[in-house]
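Below are two complexes that have chain A in common, paired first with chain B and then with chain C.
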Partner chain A sequence: MDERDLLRQFVDEAEDLVESLHSDLLILSRDPVGGLRPDVLNRVFRSAHSLKGVAGMAGVPSVQRAAHKFEDLLDDVRMGRVRPGPTTLDGCGRVADELGRMIAAVADGADAAAIERDADAVESLVAELRSGAAGAPEAATEAVIDLDEKIRRTFTEYEEHRLQENLNARRPVYELRVAFDLMSFDVGFRGLLERLGAAGEVIGTLPAAGGDDPSRIGFRIIAATNEPQESIDSLIGTLGGTASLISHYPEPIVEPPPEFPADGAGASTAVSVRVDMGAVDDLVYLSRGLALDVAGLAASAEELAVQVGMPSRELFDLKQRARSIERGFSDLEERLVEMRLVPIGQVYGRARRLVGRLAAELGREVDFVTSGEDVRLDKAIVDRISEPIAHLLRNAVDHGIESPDVRRAAEKSATGRIELIAEPRGNRVALIVRDDGAGIDVGAVRRAANAQGLAADESIEAIFAPGVSTAGAVTEVSGRGVGLDAVAAVVAALGGTIAVETERGKGTTFVILLPTTLVMLSVFLVEAAGGLYAIDVNQIGELASLDATYVERAVQATPADCGHVVEWRGESVRLYRLAELVGSDAPSKSSSGVVQCVTVRIWDRDVALSVDRLVGEREAIVKTVGRYMPVLKGVNGAIDIEGGRIALLLDIPGLIAEHRRLWTAAGAGGS
Partner chain B sequence: MKKVLVVEDSATTRAMIISIVETLPAVECTDAEDGLAALKALPNDRFDAILTDINMPGLTGLELISFVRSHPSYREIPIIVISTEKAQTDKDRGFALGASDYVTKPFAPMDLQRVVRQHLGI
Partner chain C sequence: MDRDHTRAPDLADMLGGETPDATAEDAPSFLSFERCGRSFAVDAHVVEAIVKTPPVTSIPYPPPSVAGVAPVRGRVRIVICPANEPDTPSARLVLLSGDGQLALAADRVAGIVADPANADTLNPEDLIAG
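Then we have the complex of A and B:
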């Protein structure tokens, strides 16, 4: 293996390991100090252990030494020899930061002596952490465990320790036996380990030949869990296996008094369980289904009551009661939806590392300031917005913040400032990325847009339009255009909007406005080509009626790929027939001589959608469609409507982009 | 051609072990990123030796050794444990379970080659 290849491979793997150190430490930081999750703690140990190993193999002694010290500390923590204090995790995060910097320095071919000094720093940091932590408490158990010696011999020291810890905690320990098909066992087996891990802890696993059937492989799994034996039985039973309880505790199990931190006298007993997000969604859908049923039932009852001539007082009571049940369901929905929310601060750690590393690489001096880490958003949104945020931050460091010399020459402070801010705005959340750098050359963006054949427009927001980001434009707008269309597309697909303000020499601010959740949404329903469609009300500009003959003429006059041009309030607006966008060739219905339209804001302009009927606004629960059908371009989900109907939730920019793509493809194929 | 199964969860270390072992004449390696992947690989080939790490997620090296030694088709395959100096207890357990040899990480290429050659009989 070539030495350069080896070094590159080392850097790649080491960076991954540091990244997982960071994310696992973040996970642990949500656990109480006394109750760090052992599986995550073990992963942290393993990352440090692997980093030491790989640094040793690649011949990077400084990183090897630093990682080794860290590994020793983490080993003592996971083995219960050292008890972490309130600042231990924080300190571990600092060590991980330091290791990350060392690896970046190795990648840059920095001076070996300097990196050795960094290793010294890690060593003293680790020593400091040790002195801040406490020794392990004495623990004894009188448990009897009925564990096959053959399995026990395969336990590593750590597995032995985990067994002991579980016995000390008087957790029931099971031996599970299950066999899988030899060719495909790993999927089922890994799935089972995951389930058991979520329900408790997997301590050890021992594979064995499948007895008389050579096409099968058996496993004996030792796992501890507080779940009732019936649920373990049924879990393993569905796989054709068996479970037996192998731990026995001499006295009846007495719940130990909850442990409070010394200063938290009488603090709340925060008990939490981990729940699969899909399960929460199912509850939301179920609740909505019940609410719709109740509404239907109430309507029928009311009808019936009127028919039989029920006195108005009783009728009133009936309506009141139905409304109270509906309110109950909507409260339930809201609380369930709240369970999906996580703090946006989760992505700040990654953002900070990214800015720090990039600034160092590019020779920029940057103050990175964050706020609003407690602002909560749907986990699905947080997961998907992290990459666009990273993109904007990379742009801010790379093309926004000038080098210290340039800044000084422009009489700015040598250190630039980048802010990442989250703040609630009504029922939405604004994510703001602001830099005090060079700003964007608006004229250049406009020229680039023109070169792409896009309408000339004073607005800088053309920068989000697809096509402005091609190579020719890049140099002129100093790279700012790159990938912003991708950022805008993600934001739009999440039902959000993005805007930018910039001033030459002063800086640039991007504001992304996102819904709090993807599950609960105010939508506007429209009908087109016999189908029911929903549009996020936050995307709708206004509702309009246009003269049918006028629209018909416009449709005839212009091709459909970029919309038909119509005049609306003295401005040219692109009009699309929704029926056409969803792939129907049904003629539009306009019996009354007018065409109903909604306007939707996309990037910097409004487009109009003509529909057959405007139905009205609803509070909707959005179901994902991807789980059941292949992902539909331009469709973000499905919504149950009263009367058993379903409306598809539209992603208008996605739908229009897909329409253009199909149009172009058909044109290219035809000619 | 001698076949060697290399079980190691670090991609870099794995690539390195393979490049060292494959410089031996007529030796070919199959790689597995953890114990479970090794279980999947075992029936696909007739291996002449297994090199394995101990500390791996999912299925540890000790569990792998125990499986191989108890399996009628694999029990004769030499197993060489490659692990760090730290895990003395785990190393002892490996031997107790039937590991054939032990190489400490980090190792000199020559040392690994010597041990592998010895067990392959080349």
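Then we have the complex of A and C:
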């Protein structure tokens, strides 16, 4: 493995670990009742520990040092040496953010000295968290525990700490003795630990005598739970074991704290394997390739069958078998594509901390509400959409939610509300950022749009257009335009759309609609300049036929840089020749006096693309063109077509931007 | 050039055993090939395979050396002409390993050589970046 492979593997693993840190810290922040869940806290510790390890292996000492400091802090917290304060969890989230940034810097080949400085910053942050945390708690002196001293002496520091914590929480502690058949004890033992973990906490396990039967193996389990004793007796009784309550308190237990939710995380028994995303994609491509081969083979077989006069019954069977195989490949593809999907909740933890931190800095009171954490999206989409989401949230806190005084004066609750919602919509996913703040001044946006030369009747969605968010417009629209063109550009590059609704004094809602995956897509194929091109159907408004003479007049009348102006359904629409956009000077073809067009939604408006032929719609597997795809302008991938050919999946906004850039450069050079 | 290579790749492996010029495994480490009358060499250890050129699809606004993209073994490769004559069809593609998914257009593969003195030595990273 060369150095670059090693570094890439490190970045992949480190990113996964930081994601785990974020999602587990989010679980901890949501479940503060009864203290931090030890199983989740352990996972956080292990993630930091693993990050230190992979950084050491890959020779990235800055990340190794930062992760080591974080690991030390987490170890002290889980061991009870340091008691977390009110801001500790938020601080841990900031550390995870910093680590994530360091890893991104490593991936980008940033200056090592700069990354070292980031490690210094992490170290300072960890020191700050330590100083803000409390010391170790006092031991619960009133509890009495009936546990053989020899056994207790075998406890690790961690087990002893967990025992003490459970006694402090006055949770009943049991000693369970149970034996399992030697041949299958792992399954039975693991199942019991899962059950006990879901009902409370497994503090420690020790092997014990299995009785007279040499085919059995015994275990002694120390567990704490608020489940009624009868339930524990019944559970262990069905396994032929015994349960003894070993903790006693001077006074009766009153109102036990709620138990941990049973999310299957009680005992770590997850069976998973890390798979490189590229390897999954290769399998998807292979499956699609085989499906196309089968389709081709079936067509040839059918032709041959007809030629040799195969009876219709056998011919029918042949077709059925071919379709069955094609369906099998289609199912395989779908399952493989699903392996790329991850819950959008991964970005929620960071979003929560961002909103909390900004609200505190700006003196806003904000109730941040999330839903749809489990909605799944392609990992590549989740990775790229997190910054635009953060951008919208920053705007919502900074420019949407008013100060408590202003809100009170407007007879609104002093606490503003910001929602981040993910919800499935057909084969797409909507990400909604909503606030109940001041809303956007639509008039100001229009004036800003006018100042940029956009038409006077532009809707609020002109706020996404490049140029509206210039410094001159910022003041007038209260900053809501800042960088929204960049948000819209990322959304468009992912094949999505963004819309905004706003009402003065009531608030603003942004809705981002994204494909679930970048790999499997419905595309429409068109022909232009002798090539076959694919367009994401979700971007297509409609298919149209325009009179060829009319189009020719429009082409002659207006320059091509910003598209030729044509009237379509009573509105002016910019028309581009796709052949021109893909850089060809081939003449356009029209038949029967009409020009075939597709309209595509870009930003807030439709543009029309004239093509030589509308071929049709199909489900496609989108292949990446590799690491250098950004070098290729206006291309979002490629799809396989029958006969070993490929069609390029077009990035229409990218093509138009490049077309304009070249047109302007040619003009500048000529003048 | 300081290299930590224990075994030079076998040209026969790259070509599926099709072409002869395979040499002893201990000496050479450059693949030499011709394109548009010029000789080029690329580190043999970054060569994944050599294949017959499949149909190449043109791309919009290509960088000067890029002929287009081509489907090879399930992946889409960016086809680069080292002689900067992308419109001239090639007989073979030299597939490069890694996540760049690059392929070099070649008219004839000469063999694996230890000293590429008479050829332009290519750095695949520079080819696409221009």
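FYI, the second predicted complex is superposed on the first by the 394 of 671 C-alpha atoms of A that agree within 3 Å, B and C clash if a C-alpha of one lies under 4 Å from a C-alpha of the other, contacts with A are read in each partner's own complex, and residues count from 1 in each chain.
The working rule: a residue touches a chain if its C-beta (ideal position, glycine included) is under 8 Å from a C-beta of that chain, and two chains touch if they have at least 3 such contacts.
Just so we're clear, the structure is a prediction, and the values are computed from it rather than from any experiment.
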item	value
Which superposed partner A:Val306 touches (first chain B, second chain C, both, neither)	neither
Contacts of A:Gly531 with chain B and chain C, given as first, second, both or neither	second
Partner chain in contact with A:Lys623 - chain B first, chain C second, else both or neither	second
First (chain B), second (chain C), both or neither touched by A:Ala169	neither
Which of chain B and chain C A:Glu159 touches, first, second, both or neither	first
Touched partner set for A:Ala409, first chain B, second chain C, both or neither	neither
Common interface positions of chain A, toward chain B and toward chain C	none
Chain B partner contacts - residues on chain A that touch it in the complex	1, 6, 9-10, 12-13, 43, 46, 49-50, 52-54, 56-59, 64, 71, 75, 150, 153-157, 159, 182, 185-186, 189-190, 193, 204-209, 217
Interfacial residue positions of chain A with respect to chain C in the complex	4, 8, 278, 282, 285-286, 289, 531, 581-583, 623-628, 631-635, 637-638, 640, 644-648, 655, 658, 662
Touching residues (chain side chain C, partner chain A) in the complex	54-55, 57-63, 66, 69-71, 74-78, 98-102, 128-129
Contacting residues of chain B [partner chain A, same complex]	9-13, 15-16, 19, 36-37, 39-40, 43, 54-55, 57-60, 62-67, 70-73, 84, 86-87, 89-90, 93, 96-97, 105-106
